[in-house]
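I have placed the structure first, in the form of structure tokens, so that the comments after it can refer back to it.
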């Protein structure tokens, strides 16, 4: 992967910090401290926002694939050019393997020529089924896959997790692979620094980094410092973005990028320009928005319904066991979002 | 203590307390306090031991289905006539949906005419995939299915769990259904008393009871007292069996019944005859055996390997991420089991 | 320690199973498997019920010591002759060191000639302060002391806990000492079997056993089997008493013995006589009572207020942060207790 | 990035951001967004580092008070002018109430004319004993007190915690009071935003802020944004300092400020000057140091021994149950710290 040749005259919207995957063969922009690093072809490098997308369904709960074309346009219009599908936001755990394959296919085709990277989470299920999803994902041309550790029988240490990643490499030997670090849910609280060392020892050619949704920011920083020139460490807590920008974190996977992408793209831009005051103002705004969601018992359901409300694309209800909020409650949510200034952005 | 009403002249091995499923159309023997209850045709009622069976694989990890015929004979020879497949002991979470279907088919065919009940755990995955397994299980003629609650998105209360059970009823409307209560793993710590009330309110015609692997024995007793004439509440902690026999618990699902079935059948028998001293002696023996396993970091792996050792049927290795113990360690385990008197039973 | 005047011709209710301490030099009644054991002079042996007593206060929260004489009579009238003070039920953690000393003194004097054993919990605070309480307790003549492990800095293993117990022995070298096993609160989840081994290795002459409030009943049984002839293992879950009687458990520390002592004494008696049916009936009754408390968000506060209601001795409010239930709520509680048959006992 | 309004002509060492307490009657320098706020006399406002100090003891474990004069000089020489005593680092939970009073007295007298603020943690014990410590602390002239919530009986919500704070106000009505937010230990996971609202509703005149040792940085930022002009929110994770500086966090309580105070003072200084690259370099250095401690099973013991090693003031051993590392291990630690460049600082 090549990092040279970054210029600002690219045809990308100026507010984007996004690095396109090497796979599309185009030139990339990147921060200086990453430049000059030799990266293998099968590696994923993304800067900027990656939307953890919702899974649109009809009122009866069936997939609503057709709407995804519109969804892609909505993202692109905000300068969000990368997606992470079938994760927690996408309720991946609530969809069948067949549905997850359909979603993968649709996102790849709908994103063609528009999105830069489609990453699909293939974990949270048995390893053989996960391998099957990985093989499928590779066959349809995703830019990356991602997996959680096994959680019924938990790996005892980083080496065991590395073995697991190797098994996914076996199933999809040409597709960049991210480890999904979510210790608050999985209970697998290894250090990412240890994981990368174990992966390098074992050899997992497609390993490309870690989606970091943990509280140990020291581990995040050490991983970036030691391995940031080789791997990506997208951070998973949207409303704490400003806490990790100073640590050198350059990519972000989150759900609010679906409908507040401009705000966060702006935040990254002003941060890069050294305008900390504006960066904090934008963070505060993002926290006000999220505050509304938390006041309504934040979960993947209210989040999905806010997406429908904001994007005017009907995402449909969440699946069991998540509660579908009433029209009355959503009216109140809209009002509170308005009061929080969501619809007349400073960004 | 009297357990009158248990038919000792039955043609079943005398140590069995097993109740055949209503489905085979035969008369049931049961404890007096259960007698006279009207049971629907689709309901499961079992007394005695249900082995949570291991999943035999070849050295390369592929299913070893052929060996299951031999496995069935091994169980029957101990008076164990019921199996629970694809649970934790069976590493269900490590096998693909296709493999779980193959296992279901094989256990049903191998058990035909020998086993009384084959129950298959179809949970721990997305609900649509779980429904697919349930429909399949019904089509091949299992006696029961079982499910965990969803764990990525957790149900907020008993009513939500009841809704989930209803969805499995929809998929397998003729197959008795057990809820698998395992709060230590799932984090879903509802009261079973509340669940049964919610199920009865909602209406889930196939609901047959709860596999109870929790520490709240008050909840277990209340459930048995209030609903024990309608539903079964098999207990899941083998080595604490004597703690719940006085609570009226009459069925047991566990892994050690695979290789210590005679001991536990004997324990139940002497308990019924009021011989508490011998019952305690047998419990102590079971705890000594289990003590050996715990001294070797008990998990589904060491358990599976002890099964191979005792039954002389090669179960193969555990799947990732469980560690496969070395031959050296297993020699030590054998020696310790011998010292614990496992191979010259008092039973 | 005074045990005078208790014998089987005494006016005590016949249903008592209480074992007097070895210290009074008299013969013990005990279950056969315990007989003939050599017991050191400083050791505590109790059979039967030990009430974890409430701490009576005035409306303003100050200690109400005077009422404790009446409290003692209330216990004795139920055949409850042992108390455990300043534990969770007694809100020990909410009282100052000075208050805990006052309570200890009062219980010893009020219990003189009436109670058999006063055990005081001196833990849950810094070790030097705990040693101070222990020394004080010894000086005023309690029959036993008890301690939790340290919880801010947690002991890493059983040996560390044994060291802690040794430090209390140093402070009170003539007073029997119990370890308070409460892993659900402390997070110190050692095996009691390991602890006793560590204690015996280190040498803690006053060690007398373990108040067992854990869910690992296998560990409880193994401890009783291996060490039950030397130490006591009082069980802490009142409403599961019938689960541990078959394990050889013979002593019980709990809060409901304050107001349902007769019921539990009866339960023990009928169990010893082999009447399992009646034992279960009594357990069910106890669970119905406890059920009322749980329906009102069980905590040390509602429990204390039920004690006032039943005993007609005013225990006063709980201390911060426990909520003081309103008169209205308590009227409802009384009604529900009546409906549960609490006031016209079958015992 | 601009931090205008900070008085660089002050007589304080240039690297200090410290705000002296209002109590000394002098003028304060502060960041512009804090300026102009009316501050009550009893309120504490500190900027910069607050060392959570160790408790020096002799080899036999007795307090070693004499050494504290030297300790103060060591802190001042690093530009650390505030201390937090009897917290986790100071093993407060391992010392008696009498010892905690002695420590308070000694720190106040030793710090007189040298330290700006002595804050003493008076919590983690019963409220009446805590009130006694608070009254004592006020009588000897500390600048602030701090308390954890009650943990045996946990407060159900922020209002209950506010009530608790009010009780400490009652005991020390002239001493600024901090709430110690440590949900990872206490399990009391309220939002600080909610707490401040509850405190303001109830009225706790001495309330001065929250020692924030939690992972919810969104809550930290919201608290600073909404209440930062009135209260202080010192952050408790030293090695993540750079994550919260952008959030407006201006005070820090931590253990490594005892021996790496210069490094962190420098970090704050360069951050204020907008030199993010150097700030990150300094953070990396701090993480390397902490990395050595974690490689030796970080706890208050290894930390205390590193303090002895670096300061050449003998802190003595940790108290039970914390393990005292051997001389051999400490030699290794010294070597690793040297390799990490600790003794030839870039700061």
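Quick notes on this structure:
Should a chain be cited, it is by its letter among A, B, C and D, assigned in written order, with residues numbered from 1 in that chain.
FYI, a residue touches a chain if its C-beta (ideal position, glycine included) is under 8 Å from a C-beta of that chain, and two chains touch if they have at least 3 such contacts.
It should be emphasised that the depicted structure is a prediction, and the values quoted were computed from it without experimental measurement.
The fewest steps needed to get from subunit A to subunit C, moving only between touching chains, is 2. The distance from the centre of subunit B to the centre of subunit C, each centre being the mean of the chain's C-alpha atoms, comes to 36 Å. Here the CA centre of subunit C is 40 Å from the CA centre of subunit D.
Chain centres here are Cα averages; for subunit B and subunit D they lie 54 Å apart. In subunit B, there is no position where the chain touches two or more neighbouring chains simultaneously.
Across the whole structure, chains are in contact as follows: A-B, A-D, B-C, C-D.
By the touch criterion stated above, subunit C contacts subunit B in their complex at residues 215, 217-218, 221-222, 225, 237, 239-240, 242-248, 274-277, 279-280, 283-284, 287, 290-291. Looking at the complex, you find that subunit A touches subunit B at residues 88, 91, 93-97, 99, 124-129, 132, 149-156, 160-161, 163-164, 167, 185, 299-300, 319-323.
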